[in-house]
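Chain nomenclature is as follows: A, B, C, D and E, assigned in order of appearance, with residue numbering initiated at 1 for each chain independently.
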Amino acid sequence: MPVLTYLWILPLLPLLGAAVNGIFGRSWNKSIVSAVSLSSTTLAFIAAVELVREFMALPADQIPWTRTYFPWISAGGFRADFALQVDQLTVVMLLVVTGVGWLIHIYSTGYMHDDPGYYRFFSYLNLFMFFMLLLVLAANYLVMFVGWEGVGLCSYLLIGFFFLKQSATNAGNKAFWVNRIGDFGFILGVLLIFRTFGTLDFATVLPKAAAMPAEPVGQSGVLTTIALLLFVGAAGKSAQLPLYVWLPDAMEGPTPVSALIHAATMVTAGVYMVARSHAIFLNAPFAMQVVAFVGCVTALFAATIGLVQTDIKKVLAYSTVSQLGYMFLACGVGAFSAGVFHLMTHAFFKGLLFLAAGSVIHAMGGEQDMRKMGGLRKKIPWTFWTMLMATLAIAGTPGFSGFFSKDEILLAAQRVNTPLWALGVLTAGLTSFYMFRLLFLTFFGAQRFDEHHVHVHESPRSMLMPLVVLAILAVGGGWMAAPLLWGKANYFAEFLSPIFVANQEAPAAAAESAGGAGLLQALLGAPVIAGLVGFFFAWWFYIRSPETPRKLAASLAALYKLLYGKYFIDELYAAAIVRPLVWISDNILWHVVDEGVIDGTVNGVARVSRESGDRLRQASTGNIRTYAAWILMGVVVFTSLLLWMVG
Amino acid sequence: MTPQIAVFLVLAAMAVAGAVNLILQRHPIHSALSLIVVMVALAGLYLLQGAEFIAAVQIIVYGGAIMVLFVFVIMLLNAGEEERTNLSRMARYVGVPLGVVFLLEVAYWIGRATSHMAQSSPQAVSTRELSTLLFREYVFPFELTSFLILIAILGALVLARREDSD
Amino acid sequence: MLPPLQDLYRIAPEIVLGAFGMLVMFLAPIIPKSRHGVLSAISLVGAALALAATRFTALYPGAAYSGLFRADAFSLFVHLIVIGVAFLAILGSTNYLKREDLDAGEFCALILFATAGMGVMAGAQELLTGFIGLEMSSIASYILASYRREAPKSNEAAMKYFLLGSFATAFFLYGIALVYGATGTTHLDLMGQAGAQTSATLLKMGLGLIFVGLAFKVAAAPFQLWTPDVYEGAPAPVTAMLSTGPKAAAFALALRILANVDAAGPLWFWALWAVAVMSMFAGNLGAIVQTNLKRMLAYSSIAHAGYILVALAAAAATDHPEAGIAAALFYLVSYALVKLGAFLIVAHLGGVGERNVEIEDFTGLARRQPAMAACLSLFLLSLLGLPVLAGFLGKFYVFNAALESNLIWLAILLALNSVIGAYYYLRVMVAMYMREPSKPIATEPVPWTLAVVLWITAAGTIYAGLFPTRIIGFAAKAAVNMR
Amino acid sequence: MQQTFILTVLTFLPVAGTLALLLLRSDDHLWIRRLALITAVAEFAISLLLLRGFEAGATGYQFEEFRAWIPQPPIHYHLGVDGLSLFLVLLTTLLTPLSILASWKSIDQRAKGFFISLLVLETGVIGVFVSLDLFLFFLFWEVMLIPMYFLIGIWGHERRIYAALKFVLYTMFGSILMLVAILWLYRITATAGYPTFDVAQIQMMLSNGTLTMPLRTEMLLFGAFFLAFAIKVPLFPLHTWLPDAHTEAPTAGSVMLAGVLLKMGTYGMLRFCLPLFPEASRRFAPEIAVLAIIGIIYGALVAMVQVDLKRLVAYSSVSHLGFVVLGIFAFHAISIQGAVYQMLSHGISTGALFLGVGMLYDRRHTHLIKEFGGLATPMPVIAALYLFACFASAGLPMLNGFVGEFLILAGTFQKHAAWASWAALGVIFSAVYLLWSYQRVFFGSITQDKNGALPDADWRERGILFLMAAVILWMGIGSTFITRRTEAATQTIMQLMQRPRAYDAGGSNNMDHPAMPVNGANAAASGGVANLVNSK
Amino acid sequence: MVPTSYYLVLSAVLFGLGVVAFVFKRNIITIFMSIELMLNAVNLAFVAFSRALGQLQGQVFVFFVIVVAAAEAAVGLAIIIVIARNRGTLDVERVDSLKH
């Protein structure tokens, strides 16, 4: 079992690639750089596949398979080892990360071909792979946090990849900062875990947490606190309300980055973390409610913004936020495996969407505004067809991967909380609308660009191959969870069942309500219908009568403006938090408190000393009679004191 | 009132008047003369207490030598009337009142503290006894005073010498 | 009837100093002015012999001249300070005198006489003897202060010093008279025993006035106002001597009284406390605003008088004054070394007529004369109380004494004052090291005599700072054997 | 115990180097630099021997040297290291050669004085860390001020004189009160019959109850010690000397100042405040923690809005050192370990930042952020490594800053969750100010022509930065190498903190077993002087 | 018999007048004379105490004081002459170039 035994190989491969490219890549030509980078990811993917093979053969009592390498931090009773572990959840994530990562690496060789920072890009990308693998392989919260922060770092680096652009570096900073706010919660959660359980190892913490009594809603217990704190971290990383603001801006990065990091893998780390900590969450029902609520509201909220955006990547970004909301909704209602499943399918279709969008942008020579596209269907057929597959998948078309995962989530939501379900369905309709809007605006209708200036061309094969592979996955990837519909085993859920063993209420509930199969069908139908409605409106608005949207926008000007302005959340944050903070720091803390009060006191003491010194020296008038008077004063005072006071 | 007290009072009045006059006179030569009056009065008081030798020294050294020196210097420097400058407010408004306070305070306390002191009768002290004491017990300071005089001479030499003397 | 021979041994240093003073005085008119170096050399020999003669006092400790004078470890210690100061002052001023075209003969003679007077003060066991010693040193000092007689500032300094000094002396003397009236004696040891016939009021007032006289001499506030004027106006080598020797002697006399007269401790304690605090603040705050280095150092010596007075207060506050006395003695040594060196450097760098004594004139000294700058920095840092230098240990012992007597507030005030002091000492270093000179100043080569003095003082400062054992041990011994 | 001299050698080797430097002609800059570097490197090599000989896990001091120095009051030349000081010494010996290298070209005026000051500074700092006698400690503590004063005042920038004076006076204000406290403590030991300045001995006497003091006294003494250390750290609101000193100091000065001098304050707290005055420490801990937390957040916020890059890093030090103080006064083994670690890692990462800023200064002679912009294009290597240092400073896991911060937070959280939560806010802000300034300096297009042609790091600079990066990474991953060695010292501090309250009467029955042979142990409190005379 | 306290009070008064004169007068010579007045007052006190205590020492002290006064006078007048020469004034308030 070479890979399981030498588990460190898996993260090390991309790290090596990153290091080699980072140090030497500047002077190498691009083919060597891409060879290094690709070979490291390819090997990582192969290793991951081999790992899965080996893992399948492991006896159940050896799962999770843990490898401890060296004590990383150890002081005064605290100990965190550098340890990796593999279990079913890890395996799923590993495949997603290495697989999608690998494809996107291939895609990037084409996409980034003309960029002068080629080596840098691949170095960062490989580094990202390393941290992402560390994140999913971690055997304790601290190593997980390493990956967690590491991917944040890479996200920062890659968003700001075009560092000559002010907006790109702004976006990078914003991403890192907002993530840090999340990390604040995460770190506190980890600290509380340590305080509660005395360790950070999953293998100890999670069973202990599971063994603790569930904390009733309305009574804040330690698990609830932990869960909420962890969720703050997750919300930061996975762009949930109110910390989602960085993700749309993150589209400043190169498109493969958006695909890999800001759609397929990194942003799902929050979901992964919540799923990983499910034992804690399950015993904290209030936290579960919060997660579900936040997820659901985020899903709807982001979808409404996505309705009116004109930047092709922005639409996808808000869509990502929305879909992540679904995943949290799943976790919040206890359907962790459904959440993870949606995570996986989302990685396929959203990755594909971004890559395809990248292909479109590539074809349009960098143009991202959909209003300046149109009619591209014929010119870039491969892109169109793959993108269509992805759109169908995300819209929840029956048979496509998104259908299975989304419906499973909504099903679970319905069991717990009907309003959430309703909102989910509504979101599904909105999703369908904006995705088809995107497709129609881009590929259908009249060409709204000047062909003399823009030479539209299909992307090179290195970019198309990943599109095709992902399209296949987007279409077929859902079937492994499909059979639940027909009463058979859900392979995916079953595979993960050892992990979420504490979470068997959901299937149990399913069994209970098996009688109401008709109701079930009806419920499952709802999202499909919503999707159709969305499709219809999109068709109506953008194919049938393209004038309608403008009229509608005019008649609902306020709402349109609100949505187009993304609810002005960024502006709100800027006005309510950022600018006051900077203003206070600058004008109050620095200039008033620091320079005025504290330094003023210090300099004031100096000035008082100087001035009293000046006074004192005025006593020294040079006139001897004055001096005599002073002496006399001393004499009188001392003799009087001696005579009257002392003795 | 015994005659001694009467003499004392006369001499004391003389001394005080001289001292006050010293202050009030504006020409230094007048002040010097007032001071001589004080000294003479004091010499009388010494006699009254039987300190004949001291009285003699007082007249000879103080009145005769030191004050002559003063007068000589005043004449030499042609010192005129004191100017009425009052540059030191400190001295005028603090110093002088404090001086008066000091005077009263010391006089009061000393008067109070010594009122019980024994009144030994005035017995003439023989100069012999005095010189025995001076040259036996106090020979060391006595020798030191010779150095003091030497220093004074040296000082006068150094300071008053004209620049073109060498 | 001659006094026993031992008595002569006990005043051997004074005899040597007086004899050489007279010798130089008589030789001065004979030897042509161009060869006045010889006179300095003879005076140096005299000072050196006087230092050697202190050995006699060590060999024959005890009271001399019917108890008027006392040779003991304490007087030996102070003798070593004042004679050492004289030696270094004479050596360090030879070039100055030549430069300023002043007679070396009288100068040296006066220093030797003054030193003899200080020696008498150090050993005085009787108030009047102390008074005569005080007058010897004072009158010589008045003359020395006016030694650049054509310089108006020098005369003015002398006049102020003379008039105020005499004024204070009169108080001192009146105090002696009252103490005499109160106790019937002027012998310190007898005074300590005198009990019955003591008139409390007279004694209090007398000791109070004596205190005033001594406080004036050591330049303690509020009797300090003369100090900056005199130190500024007097020729710099004289200032070097004035700020060290007479001060040490006056402190010695104060310590004698404190150690011997039981009544003095409790009576003086509050006065010492208040005067110490006032001196520290007056000196340090006043020094901050000075632009003239000489004047600044004068203010600093007021502050240092305050520090030593803290030690005195510590001695006065307890029945075991040894720690305080030892601290004061150690401090005097460290202070004398440093102040002497600093003023002599000023004397040299001031140039002809002492025109360049503003702090401004020291800008860029580190470039022009790095060794001088380093030396002056060393002295300033010692005054500041930086460890490894004598000044630090001086302060350390003073702190220790103050705390031993539970004078915590005084210690804290002293601490605060050290910080204020640091400011102006460092300002001089700023000028020397960190600023560019504002006007061109000619560099004079350092004469070897001054170099020797600076080497001695600098080395002494470091030695006393690193290995204080012998000095503090000696000081402790002196403190113990005082009565 | 085997008598070694390694600590003496380590302490005074730089001074020996300066003596050699004095012999060189002052315009022979090349050899002055070389000699200084050789001295510093040799020093570092010797300090590695120290590391090799150090016995991890052993309690007490190692490499002890003990000699009588001044008999009255009894002062000893007592040196020794434990885990606490070991790495601080190493940090010093590491940063000094780097500072010398960093000054290789930028100091072309009065180079001799500069390197002499730097080496004397090293002696002072090492002396502080290895002294086990309070007097000796204070001596080094004060001595180190002067070279730093010169470094800032002579080779600094525009307002250097103001900054230098402010630095010295601020520090002196605190330390002189500490001197009073040291002496007071000595009086207490003398009253107890065992007059001594020896830290180890006082600790022992306190722990076995030989020495007792009233709570009021303890609190006053604590206050005096703490004030001195808090100024040095610097703790809010005593920090305002720091931005000025840092901004005006030359690169080497800033590196040494931030790298090691600030640690003297926190070291003092650990070495003296906690073990000597545990009860007072406990009583004041909440107030101190609040100040530390204010410092963390306040420092970060003020750093955020700075327009001067060096000032920004300076304020970040206020923030980071706030963490250390918080960790110390949380009184938890983990947080104290974290504090020790954070001291070291702050030295490295902030040192690296200052080195980077210094390189920018060498090229443009300004620290103002607005003068830069887009520097990543002409100088990618410096940009990359500076970013690395930024992330280290921001506490990214697997880099050094994280370990310390996390341990501090973890330990503090065990006892005071609220403190830790507030402090953790600093994690957010540190990312804000560091990355924002980085963006303005290095990212974007070049806005000023002068910046376009700036050369990238040369080999010397690369060496410095890569070395720092390597240390950063190593400390981020191999933290147990250090924590294993600091563990015992931390435990000792915790134990000393636990001692029975000395003023609970009845604790002083251990008089038969004085802690250690004391010179003149039977000297009575006030008869000390007399005793000395008799012994002569 | 004249009580000792009379002499002493007189001495105190004279001393005090000397003090007042020192502060009040402006001519350097007169100021110096006020010092002589103070010394005389001290002498009176010494003699009075000497008589009261039945000792001779007090008178010896007076002798010394007179010698000291003489020495002071010599030096003081020399200084005054130098001042007058260099400044042309004896007003003490005009001799104030050293200040602050």
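The rule is simple: contacts are C-beta pairs under 8 Å (C-beta built on N, C-alpha and C of every residue); 3 or more make two chains touch, one makes a residue touch a chain.
Values in this document were obtained by computation on a predicted structure and should not be read as measured data.
Seen from the C-alpha centroid of subunit C, the farthest chain centroid is that of A. Among the other chains, A has the CA centre that is most remote from the centre of subunit B.
Top contact pair of chains, counted by C-beta pairs, is B-E. Think of the whole protein's Cα atoms as having one middle point; the chain whose own Cα middle lies nearest to it is D.
Subunit B and subunit C have Cα centroids lying 30 Å from one another. Centroid to centroid, with C-alpha atoms defining each point, subunit A and subunit C lie 78 Å apart.
Distance between subunit A and subunit D, defined via averaged C-alpha coordinates, is recorded as 39 Å. With centres defined as mean CA coordinates, subunit B is found 102 Å away from subunit A.
Listed for subunit B are residues 87-88, 91, 95, 98-99, 102, 106, 109-110, 114, 138, 141, 145, 148, 151-152, 155, 158-159, each touching two or more other chains.
Multi-chain contact residues, meaning those touching two or more other chains, occur in subunit E at positions 8, 15, 18-19, 22-23, 26, 31-32, 48, 52, 57, 64, 68, 71-72, 75, 78-80, 82, 92-93, 95-99. For subunit A, residues touching at least two other chains, in rising order: 606, 617, 619-626, 628-630, 632-633, 635, 639, 643.
Across the assembly, chains come into contact as A-B, A-C, A-D, A-E, B-C, B-E, C-D, C-E.
The touching residues of subunit E, counted against subunit A in their complex, run 19, 22-23, 26, 31, 92-93, 95-100. Looking at the complex, you find that subunit E touches subunit B at residues 1-27, 29-30, 32-34, 36-37, 40, 43-44, 47-48, 50-52, 54, 56-57, 59-60, 62-64, 66-75, 77-82, 84, 90-91, 93-94, 96. Those residues of subunit B that touch subunit C in the complex are listed here as 106, 109-110, 112-114, 136-141, 144-145, 147-148, 150-152, 154-155, 157-159, 163, 166. Within the complex, the subunit C residues that touch subunit D are 318, 320, 322-323, 326, 366, 381, 385-388, 392, 396, 399-400, 403-404, 408, 411-412, 415-416, 418-419, 422-423, 426-427, 429-430, 433-435, 467-469, 472-473, 476-477, 479-480.
Interface residues of subunit E, counted against subunit C in their complex, comprise 8, 15, 18, 22, 28, 31-32, 35, 38-39, 41-42, 45-46, 48-49, 52-53, 55, 57-58, 61, 64-65, 68, 71-72, 75-76, 78-80, 82-83, 86-87, 92, 95-99.
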